[in-house]
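Both complexes below contain subunit A, partnered by subunit B and then by subunit C.
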Partner chain A sequence: MRRRIRRRYAAERRFRLLGLGAILLSAAFLAFLLVTMVSNGLGGFRQTEIRVDIDFAANTLSAASAGGEIEAAVAAAAEAQYGPGGARALSDTAWLRVERAIEDDPSILARKKALWLPAASAIDGAAKGDGDGEAEALVTRLEQDDAIRTGFNTDFLTGADATDPAAVGIWGAFKGSLLTMLVTLAIAFPVGVLSAVYLEEYAPRNRWTDMIEVSINNLAAVPSIIFGLLGLAVFLNTFHLPRSAPLVGGLTLALMTMPVIVIAGRNAIKSVPPSIRDAALGIGASKVQVVFHHVLPLALPGILTGTIIGMARALGETAPLLMIGMRAFIATPPDGITSPASVLPVQIFLWSDEVSRGFVEKTSAAIIVLLAFLLAMNGLAIFLRNKFERRW
Partner chain B sequence: MSSLALFLLVVALAALGWLMARARATAFRRGGSAPRAHSLPSYHGWYVALWTAVPALIFIAVWTPLSANLVMDEVMSAPAAASLPPFEMQRVAILREAREIAEGIRPGGFHPESNALAPAYADALSRTRTMGAVVALLLAFAGGAFAFTRVSPHFRARTRVERLVMAALLGASTIAILTTLGIIASLLFESARFFSLVDPLEFLFGTHWSPQIAIRADQAGASGGFGAIPLFWGTIFIGAIIAMLVAIPLGLMSAIYLTQYARPAVRRWMKPLLEMLAGVPTVVYGYFAALTVAPAVRDFGKAIGIASATSESALAAGLVMGIMIIPFVSSMADDSINAVPQAMRDGSLAMGATTSETIRRVIVPAALPGVVGGVLLAVSRAIGETMIVVMAAGLAANLTANPFASVTTVTTQIVQLLTGDQEFDSAKTLAAFALGLVLFVVTLLLNIVALRVVKKYREAYE
Partner chain C sequence: MNSMTDTVAATPLRNDAAAKMTAREVSVFYGAKKAVDSVSIDISQDNVTAFIGPSGCGKSTFLRTLNRMNDTIANARVEGQIVLDGEDIYAPAMDVVQLRARVGMVFQKPNPFPKSIYENVAYGPRIHGLADGRAQMDEIVERSLKRAGLWEEVKDRLQDSGTALSGGQQQRLCIARAIAVDPEVILMDEPCSALDPIATARIEELIHELRGRYAIVIVTHNMQQAARVSQRTAFFHLGSLVEYGETSEIFTNPRVERTKDYITGRYG
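Presenting the complex of A and B:
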């Protein structure tokens, strides 16, 4: 008997440990994922630069020189200073920085000037401890000359997509995401809130209302890629809106986000106690005044929380945007909602497809940026909920 | 005048109308001689503002796309357009350049033709824009003036404004239905075109998937293979089998621990932490699967003697997808375990059962319908998931049960068929819509069944 009890207690402990193990394993996956991304991606925020002494007086550059000439002059200077292969140690876009330096201060054209130029991807990797023998030898030599340094990568935060991993930036995709989210918010928020108000406050119980409810609940469960197919068939092929524009992406994501906002909005409106409505009606407010002056302001924190969560989901969404052509190589940030753009998650997808090793850290760095934003949005939602949520 | 400026001007006019009408309505009130007004002054203001803005904005919304076509017609009839090259792509590029020159965005064009077209373009643009602006402003003034004349103490402005508000509410809620109809219509329409090219039975039951369309008619495999069974199997294998083998035990045990054993403080911290797993974007999971998990799985496969282990395997995609699904399973299980009446638990404990025996023999069986419903929802979510499988599962349509081999899924193939530049009418692109239709129907059915199960079960205890 006692042995049996002991066995049952052992089983109890095992079961309990199993449960704890399941939780810890799930949490460990999350931690592993985040640690992998952070350890891979931190390097992407740093950039290796090489000092090149360019003797502007000796070459024929002028303020009006074309890009090709500057590029050739920079390559020649690098070869002269670091021997053959010196030009390849610089990033393909290093001459852009020289051009900018000339623009900033044309007087350097008359003298010799040491400029810090971004290093090529292979050198960048070697300087961060992940390169092949040849690149590492060059890095060691440069270090002896004190001609290499690693600093914060401002180009990554201000640039757009490029073919050279050392020159890529996140700003283009980020701006695309921002514009797309603006379109999504401008459509999904009013439509979602108004539908929630209608369904919760005014809708008569009939077949039409039932149909609306069923379709909203179904839309919330439809796979996101189906919305991409809808966007492709309707917005692109029927209305001929511009391909890969934030306008179309925003419209598609708005249709996807709207059900989330409707459901959150209905719950928030439902939680406003009927006594508020009765009191307002009792002192002579009309039905519209009751809702817009009393119910909606009280439900607003809940609606906003739901909206932010829905927008965070839309910000991380990739598949529907691939369907509407947002996977093109776009090297300049978009100017408006109708010009071609990329968005952060699609940019991550595109970079992850690149074979060049330098893209691994850039992809992870872009993921860190995306996750930081999602975390901030969700944190804001939790803050709003804790601060303004009222229990009646 | 650009559409945006016109829009802002109309809105400004509406605001002006609002102020004027409100001032006039306030004057009635102050006058004292007039009878008591029906509506508050601000409602008169809204009435005028809406009459000013709504017709004009509707006109702008219709005119903007219409005018683009008008401009295009006019440009194409200009003499300079005769020298345009016949190729569609070049024409589009030149026309875009001409527009940018006409609008002053760029100083000169790369193509000589666009420089020649620019004056005609600028001419047509300014003409249609002036026309649109004049009509929109006329509409705004006419609407505003009409509404302003009706402002009087007896006028029931509030009723009118509220009627429009109700119409807007109803309109907003029909958008959900329109979206559903749009999805169904576009999927059905394109699928019907696909099935006029490919036999539906071959699509649903064929086992050969190779959607390449031959360039020449006499090439081998000219018709392509559209048997989707390998895709359906790959989807089920990854989403419903491997992912669930990970997600069900972990999700269920997490829910049991959190609801039955954990202290409230632990629960308060661990539950949001688990839910973070659902908030990570799928593209991040996909990258994680491709970068870290897939090579590890391949090396593991090689180590246990499976020579065919590749870096794109069903196991890698399924494992990562399972991790993503954990919070879905655990939160549904959490809800249904919490819904089991306390009396049942107390009864079992009072009979001398240990906590784990109570959980295994009483709580889980009682909560089972809810858990099953949650698992069905999770499956529907997993098979519709795209980015993880696109990045980690591969493209080879294999019909295999070997988890180390590469399989492909419905969503991967949709992405594959529709990205890249091709004719939109080919069987290849239409096949994506047929796959989408299958996916839509299956996820819909799974959701309906899951919700039924959960609902029925809730009623049992209420």
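Presenting the complex of A and C:
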């Protein structure tokens, strides 16, 4: 008897330890992921800049100068200041900043002016402690001249994709993701919720509705690449919608998200006690009034949870978007849902594929942005859910 | 025993001058199963009518045909005729929503909406457009809660959730909610079965007070309750109406053997 009790306690303890171990293991994985991402990615938010003194008066630049002329003038100034190879210390797109400076203040064309220009990827790496001997030597020299600094990289948060890792920005992909998610939400949420309401509250129980139910459950399990092919065939080839656009990406992801919302919505609606429906019907509410005044408000927290799960999955989805051309190199942020765009996960995929070392930290930085986006979205949804739950 | 018949005394009390509802040969099927078999009965305006009988005898099912709540059950089918004030309530022209406003219902388990007490009562008048403006709505809510005997207990906390009340208060709130749309008939489906004896006594008192203003039909398991609150009693068994008459008659001098056996506790 006593031995049995001891064995029972031992079993309890064993089980508790196993559970604790499982939690610790997943926490360790999460910590590993976060630490790697943050330690690699934080550098991506910082950009090394080099001071270049440009004597605009000595050049023949004007406000109407072509890009090539400015580029040549900047290169010449850098060579003059830092010797041969000085031009290569600057990012390929450094002249763009000079052009902007001229636009902002045309009066500098008549004088000599010191400008902070983004450093080339190799110099940037060396300044952050990860470069080859040649670059490090240059950095040491620049530091003696007080001509190098590392600051917050606003260009990364406001720019779009570029060939030079020092010049890339995440805003283009971020905006693309945002627009795509808006399209997805605008399509998938109403259609999903209405389907769930119809199936639960109106549809008769027969072979047809059984078949629809099975189809929806299967649809939720279909691999996402298949939805990409479907989007390619239907939206691009049949309806000739613009390629690489958030509109098409959103529609494709909506197809994928809808079944998740329908299933979650049906479960939420099913869990509303029938006595509430009886109560409303019993005082003469119509079916629509029962659904919109009582069932949906009570089911909303559950529906929102399902929507968060579906949208979070859609936000991280890459494969279907590759199929509809969102992997193109797009150097300007999208203007609207019909202009070409990329999205965060695809951008991460593209950057992780690049050979240049400078892209490593940019990839990690992009992952941080994606995770932050995801957290913000989930946070908003949880806030909404709690708000609706409190009302009752 | 021979002096009593065991055949169904389907002859309803027809001498009722004020029959509010009349049912003629009403049968209800769930799929192929017959739950109610050819019931004919007159529901009086001025009296409380009690339906008694053992579990599964069809009394609740029949009650739900009186305001067509059975419509919500997918495979339920009703045959026969039910007339409310001369109107056939199963006629195609009958608007179910309006019917349910005229024939209100109180359920077995108190089921207030998860909203404020005020909103619970105001919901019915609002969807039927019974109140012009806030002041009139306040008046309806107050009157309904007073009639349901709940006003004194909740008048200072009308914005509290209806689900925070005790079981008996919740049931009176449900009665107030039913009264608020000014129905002609109130159907009560075992309204006290989930309540303690004190709350039950409050509800029974309330039924007495409401009598005359509304035609009341109450389904109950509890024979003492039927004897206390009703003036007419109908005994259902195995889907049929076995006997219907004055409550005092049914309980003291039943004409049918099965009724007597049930009332004296031989089964049930």
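Just so we're on the same page, the second predicted complex is superposed on the first by the 352 of 392 C-alpha atoms of A that agree within 3 Å, B and C clash if a C-alpha of one lies under 4 Å from a C-alpha of the other, contacts with A are read in each partner's own complex, and residues count from 1 in each chain.
Operating definition for what follows: a contact is a pair of C-beta atoms (placed from the backbone, for glycine too) under 8 Å apart; a residue touches a chain by one contact, two chains touch by 3 or more.
This structure is a prediction, so every number in the text was calculated from the model and none was measured.
In the overlay built on the shared chain, the residue A:204 is in contact with subunit C alone; subunit B does not reach it. Which of subunit B and subunit C touches more residues of subunit A is settled by the count: it is B. When the shared chain is aligned, no partner comes close enough to touch A:385: not subunit B, not subunit C.
Shared-chain residue A:363: touches subunit B; no touch with subunit C. In the superposition on chain A, A:293 contacts subunit C only, with no contact to subunit B.
Of the two partner chains placed by superposition, only subunit C is touched by A:283; subunit B is not.
Once chain A of one complex is fitted onto chain A of the other, the partner contacts of A:318 are limited to subunit B, with no touch recorded for subunit C. Touching of subunit A by both subunit B and subunit C, each in its own complex, is seen for residues 286.
Those residues of subunit B whose C-beta lies close enough to touch subunit A in the complex are 65, 158, 162, 165-166, 168-177, 179-180, 182-183, 186-187, 189-190, 249-254, 256-258, 260-261, 270, 272-274, 276-277, 279-288, 290-292, 323, 326, 330, 354-357, 359-360, 377, 380-381, 383-387, 390-391, 411, 414-415, 418-419, 424, 432-433, 436, 439-440, 443-444, 447, 451.
Contacts from subunit A toward subunit B in the complex involve residues 8-9, 11-12, 14-16, 18-23, 25-27, 29-30, 33, 36-37, 40, 190-192, 194-195, 197-199, 202-203, 211-212, 215-219, 221-227, 229-230, 232-234, 237, 239, 255, 258-259, 262, 286-288, 292, 312-313, 315-319, 322-323, 325, 327, 345-346, 348-349, 352, 360, 363-364, 367, 370-371, 374, 378, 382.
Per the touch definition, subunit A reaches subunit C in the complex via residues 204-205, 273, 275-286, 289, 293-294, 298, 392.
Looking at the complex, you find that subunit C touches subunit A at residues 67, 69, 72, 74, 97-101, 104-107, 109, 111-115, 123-124, 127-128, 161, 174, 177-178, 180-181.
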